[in-house]
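One structure follows; several queries about it will come next.
So that you can tell them apart, the chains are marked A, B, C, D and E in the order they are listed, and the count of residues begins at 1 in each.
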Amino acid sequence: MSFEMWTEKYRPKTLDDMLDQEEIVSRLKTFVKTKTMPHCLFAGPPGTGKTTAALCLARDLYGENYTEYFMELNASDERGINVVRERIKNFARTRAIGEVPFKIMVLDEADNMTADAQQALRRTMERYTETCRFILICNYSSKIIEPIQSRTALFRFMPLQEEYCIKWIQMIAEKEGVSLTEEGIRAIIDVCGGDLRKATNTLQAAAAFGGVVDDKAVYTVIGRAHPKEIREMIKLAISGNFVEAREKLRALLVNYGLSGLDVVRQIHSEILRMDIPERVKIELADATGEVDFRISQGADEEVQLSALLAKMAVVGGRM
Amino acid sequence: MSVPWTIKHKPKTISEMVGSSNGNGKAIQQFIAWMRSWESGVPKKKAALIYGPPGIGKTLLVETFAREHGYDLIELNASDQRSESIIQRVVGAASQQSTLFGTGKRLILLDEIDGITGKEDAGGLFAILKAIKDTRIPIVLIANDAWNPRFAALRSVCEMIEMKRLPTRLIVPYLKKICQKEGIEASDDALKLIAERSAGDVRSAINDLQAAAQGRKKLTKEDVAWLAYRDRQEQIFNVLRLIFTAKTVRGAKMALSLSDVDYNMLFEWIYENVPHQLTDLEDMYRAMEALAKTDLYLKLAKREQAWELLSYAFDLMTGGVALAREKTKPKWVPFKFPERIKLMSKTKEVREVQSRLAQKIKQKCHISSASALRDVVPFLRVIFEENPEHAAGLAKWLRLDLDEIAFLTQNNKLAQEIAELAGVKK
Amino acid sequence: MSFEMWTEKYRPKTLDDMLDQEEIVSRLKTFVKTKTMPHCLFAGPPGTGKTTAALCLARDLYGENYTEYFMELNASDERGINVVRERIKNFARTRAIGEVPFKIMVLDEADNMTADAQQALRRTMERYTETCRFILICNYSSKIIEPIQSRTALFRFMPLQEEYCIKWIQMIAEKEGVSLTEEGIRAIIDVCGGDLRKATNTLQAAAAFGGVVDDKAVYTVIGRAHPKEIREMIKLAISGNFVEAREKLRALLVNYGLSGLDVVRQIHSEILRMDIPERVKIELADATGEVDFRISQGADEEVQLSALLAKMAVVGGRM
Amino acid sequence: MSFEMWTEKYRPKTLDDMLDQEEIVSRLKTFVKTKTMPHCLFAGPPGTGKTTAALCLARDLYGENYTEYFMELNASDERGINVVRERIKNFARTRAIGEVPFKIMVLDEADNMTADAQQALRRTMERYTETCRFILICNYSSKIIEPIQSRTALFRFMPLQEEYCIKWIQMIAEKEGVSLTEEGIRAIIDVCGGDLRKATNTLQAAAAFGGVVDDKAVYTVIGRAHPKEIREMIKLAISGNFVEAREKLRALLVNYGLSGLDVVRQIHSEILRMDIPERVKIELADATGEVDFRISQGADEEVQLSALLAKMAVVGGRM
Amino acid sequence: MSFEMWTEKYRPKTLDDMLDQEEIVSRLKTFVKTKTMPHCLFAGPPGTGKTTAALCLARDLYGENYTEYFMELNASDERGINVVRERIKNFARTRAIGEVPFKIMVLDEADNMTADAQQALRRTMERYTETCRFILICNYSSKIIEPIQSRTALFRFMPLQEEYCIKWIQMIAEKEGVSLTEEGIRAIIDVCGGDLRKATNTLQAAAAFGGVVDDKAVYTVIGRAHPKEIREMIKLAISGNFVEAREKLRALLVNYGLSGLDVVRQIHSEILRMDIPERVKIELADATGEVDFRISQGADEEVQLSALLAKMAVVGGRM
């Protein structure tokens, strides 16, 4: 088994390789054709191909030596806007030589920049607009200040369709010779939603574990309890078996090494899925919110979660 | 003469000191006797520790004695750095050149040893101990609080001399004498007021007298009425009374501005007294809730540097407590000093023993000191209470001292027995 | 697509061009006439013309070469009062040559300066009061220390009237050849209130998105859900359809790329507008506040929003 | 308009100028007369003239060159015992030349010194007592260690009487030719309490606004809503008119240019003054504190203020 | 006569001595054989041999003088990451002399470090990676930040098998000449689960009674080792004796040196076990959760727990 990251190994190289986000890809292709483009804002959830699209665009524009004309900065890494400014300056001040008269600067996680830093960035973008195009990548476009929004073309990346993800994961599994069960793929999708990067990483990690990739392997690798176990714990609690439910909780926290927040969030999703009266769901969703907040603020996981289980016992008793 | 009256009117002889015959007479005689004992060779206790509250003449006693009896005074105090090396240099050297050389008699005074602080004066106390061991001339130590655990070792090698606050009846004549010298005609009740408010602290009484009387020909009770309270408890009782009896939030909050203790201290007073003042359980619970929220606001204000939050804390701490009263009948119950603060200083020594013990377990058992206290100490306690032989073995293995053993047995006699079995030196 | 900012392109050049803030403009005009002015404090919400007024004043006073006598410093840019002091010193120490015997120094976002920096600024203002007038711009005059307030003339800028904003946006759309629907303009006003800069930027961003600027385009560009959809979700929850409401929520988060905080804040505005009993509004406003705080502190968005929907269901059930 | 600060212009220069704290001033005057004094401890709330008194005393003792014999150390500035020890030693060891045989060392914020630093200070005071007198300034004398209290004469500064403040403000208004209404002065007192410096600054700012200084001008200038309006809003909320209360809130935010935190804090002070049951006041103060904390932690102002009004409605409903 | 803590006396000295955690031991043995190893993360419940494994590994690698090349730090004891960094620096900067080219640094309770401290640790690990290998020990691997997890080999220690524990305890009893009944050993296992340290300590304390170690002896030890003060405190509170309950609390915090969290956890467990109506249980569990939360926010342990006792007093009075 090679140690290359599969996300990199199977990352599309050209816009033609990108099979999802069709509308976006077609808009980007016209940039390649006309060798001109505005500043862009790529917004969307993680793992929906934003960085990939930027890379493909660059490669299509500049060919294999694209790295000379293309720079990627992670805004949230670089401490202080001054560093960002300096690095942009150095990159952008020289003109691109070749057919395409501009370079491309990608700023990842731009929504993590403070409003002040974004203001400074805006001025920098203005200054180098002749020689350099910016692609800002973010999760939430609402966190980008309007002066930047107003001079960038917005590309909204949608979460990938489930079928698409499934196909992708199966394709990789096949090429890598991984035996992947039906439950395994369902578990991956369950955990990763439309985040293809996470899905691919999970597959690779589960495969590295050796053996068949089934649901158990996936949940182990990702550090989550199997939904079944969470459901069992909830059922124990609701049926008034508080002590056993708490034992189960301990096992999850300690034996599996799960974090309290993960457990709360899993409890939350399972509650919504379980076959219990809507009224009970409502009450428990409310209680879960409180516990989630407290744990996220540093309260003790066991005390808080066991209080939640106690609550379930009472609510269950009234059912 | 422009020197403050505390200096201008300093006694020249011991007999002029306030309380030299009654009041602190015993302590003064004890000191003189100890000094005299040096005349017939080095005594068993080579140092004296004079202790007591400020402004009652501790330093003055030593200085005056030295002058009266022709001693050279070598002095180190809190304005000097008192690290191990400095004390060694100054005290160590002086204590070695005994009276064999030179003509004068020497006396070493280490004033204000309360002020020897951990970091700046590292090793200072240790150096003093060593100097006392080696000295050939008298060393006098002065402290406000001799029972500070840090001084435990010092206490055992020092002649302990306690001086006390002085009663009003002794201070008044003294103030009167000063007024006479200053040409001021002072009424007795004015002087009594000043003396009372000084709470036995002669120096502060003289300072207040100067502030009030200087430049006057006459001093009446009216002239001193404006003088602020010098403390202390009475004032806090007033504030508490206001808070516990207020009928409105603003009324209760007003008390805060009258308080001369800062809000953290006031909180402790209120927190201590709630269950005693509000005896109805529901009332008490409401007040404790208000205090718990107060505490939260206080801590958040500090953590987030959001000082505006203090204002809400004050509402709850005063008004919240005042309005918690619903069923409790108004009844006079004396206020109690915050036990928690007493406890913290009283148990400082115990807690030190505890943390030393935790360190020793930690090193032997490869766990954190918190885990040592939580997971090992309870079992050790059982063993130490039940089986002295087994305990002695463990004590030896962990290299415990007597204090640590006593911490585990909670029983001094048993601790002695174990210590003997383990061969622990006392 | 042009890279010029429409906010700049259409910014009034002279006081005469400014059609709003009439009272303020007329006070400023007397400064121009008498060629004298005090230090000023311009306070008001964003996008109400504070910077524009300062620029117009300068141009009217000094003519086209106004930049020689006029300097703008952004307080939140230049960290550290020392930088500010240095730059002010350099600018203010030379006397203006010409009819007007003073220069103008504009300090933007003065309320972002620390109290200490403001104290230092006060002393600087004192020192150069002969040769230089200061215009401090801020959102909240209460954040300016009193010693400065006490020697500046206060100008309070009010949010712009709705009709005025509408006219302005329509004017730009027309000049830029943007086809803007009635719903589009309503959406812009809805989102931007009286902030003309934001409105203009939003228009430009929506136009950059391509196609007609209607309500959908506006909400997409600004990264908000359509209010209608938020309302539907709330109604589902209140009528006890908790699970469906949650699905709606999921769709909003995914389709619009909304952040949890965005959704909470939109829920808040919609609750206030909806046709539900006052008592219910009260309870929901309370719950929304709690959830807003929790999310802003880092609690899980989905769990918290679920909890909010659960609360709605409970409250609705009692209706 | 003059650019001089009225607080400086009217700051007492000599003890004769000080019209408040009569007893204390008269005692200080005898120090001047007899050219001798003990070490002093000045204790009392901020803005009651402690520092001014020390300065006046020094000027009266030494005349205009008083700065040669007078040093002020801000204890919270100079961290560490050694610095304090060193600087005091340098200042105190040389004898004053002239009629007054001692210098004065003022230690501001002495209650901020650590107990250790205070320990070090006590003997320094005694050693240099021939050449130097100490004035320690603090808010709470109880935070000064007893050995130091014992070495000083204690002067307790009382909060200024309202009448005194009123007289002072009227005096300045008269001298500066400001027309100040009865309501205007009440508003200044309302806002500034017994803090004379703040009151003077407020008067100057309101005067700079132009026109008569009445209550409206004062509240506008200080960036506060008129208390009446805040009270109206609270009443609306308490009586269950949540929607109307919110509209009032909006108007306040817009018309006065208030920040959310400003409003919260005004609500807090009005609650305590209003004619509602005392227990309700406590509940509302707690709710207000919660919202204040949330906003200061970055939660949304509008959402939180709505939640606060909602809370009021709930509490009011129970009244 | 020689006595040690049996946990130490019987702690395995070499990897060969370790009879449990077989898979882990075999992986560690290959490190010894190849004299090379990655950074490691040992995660698992208390008393499962994590520290022992690190110690054995060190002894097998370096021989009896292993302490020269091996350092143990407990993250929860060290004040601040700077101290940790400093101590690591001092230890790691000199190269190991001998066959094994690296030293080993063990950091226990690494999950108690804040995320920031862990970030700093990560950089430190990187810097000294040439000369030093890190073994991080924790209960919850989920509390270790992702960048550290990805740079370390994870060893997950499972709770020990019951038979294994039984054998171990029997072996010690035999060697120490303790007569241990069947019921005695069952009681130990019941109470201590898979925590070998606790089991061994319990045996040693029970043996100290001098007689046969049966279930009664074991439960006596457990009863005495767990401060019964907690239960007494709760009883006092519920019977309305608040003042005494508070004194008990103080004793626990001060004399026993328990942390607030320890007390909260035990109170929580006690409440859930108590013979009171379910509704009351939940109310108190809820309140305990709130106290836990507040303490985690920095509130005072005693004050918050006192408020909880006050609540118990009221609840008890109503019962």
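Structure notes:
Criterion: contacts are C-beta pairs under 8 Å (C-beta built on N, C-alpha and C of every residue); 3 or more make two chains touch, one makes a residue touch a chain.
Note that the structure is predicted; figures quoted are calculated from it, not measured.
Following the contact convention of this document, A is the list of chains adjacent to both subunit C and subunit E.
Between the chain pairs C-D and B-D, more C-beta pairs are in contact across B-D. With centres taken as mean CA coordinates, the chain nearest to the overall protein centre is D.
Here the C-alpha atoms of subunit A line up with those of subunit D after a rotation of 135°, rounded in steps of 5.
Mean C-alpha position of subunit B lies 33 Å from that of subunit D. For this pair, subunit B with subunit C, the centres built from the Cα atoms lie 58 Å apart. Those residues of subunit A in touch with two or more other chains are numbered 297. Touching of two or more other chains is recorded for residues 300 of subunit B. With chains as nodes and touching pairs as edges, the resulting graph is a single ring in which every chain has exactly two contacts.
Around the ring, proceeding from subunit A in the sense that reaches subunit C first, the chains are ordered A, C, D, B, E. Residues 271, 275-276, 281-282, 284-285, 288-289, 291-292, 295-296, 299-300, 302-303, 339-340, 343-344, 347, 350-351, 354-355, 358, 362, 364-370, 373-383, 386-387, 389-394, 396-397 of subunit B touch subunit E in their complex. Touching subunit C in their complex are the following residues of subunit D: 1, 3, 5-7, 198, 201-205, 208-210, 220-224, 240-243, 246, 254-255, 257-259, 262, 291, 294, 297-300, 302-304, 306-311, 313-314.
Within the complex formed with subunit D, the residues of subunit C that make contact are 38-39, 43-45, 125-126, 129, 139-143, 146-147, 149-154, 156-159, 194, 261, 264-265, 268, 272, 278-279, 281-286, 288-290, 292-293, 296-297.
Across the complex, subunit D is touched by residues 1-7, 53-55, 77-79, 81, 111-112, 114-115, 117, 120, 144, 201, 203-204, 207-208, 210-212, 214-216, 226-231, 247-250, 253, 257, 260-262, 265, 290, 293, 297, 300, 304, 306, 308-309, 311-313, 315-316, 319-320, 323 of subunit B.
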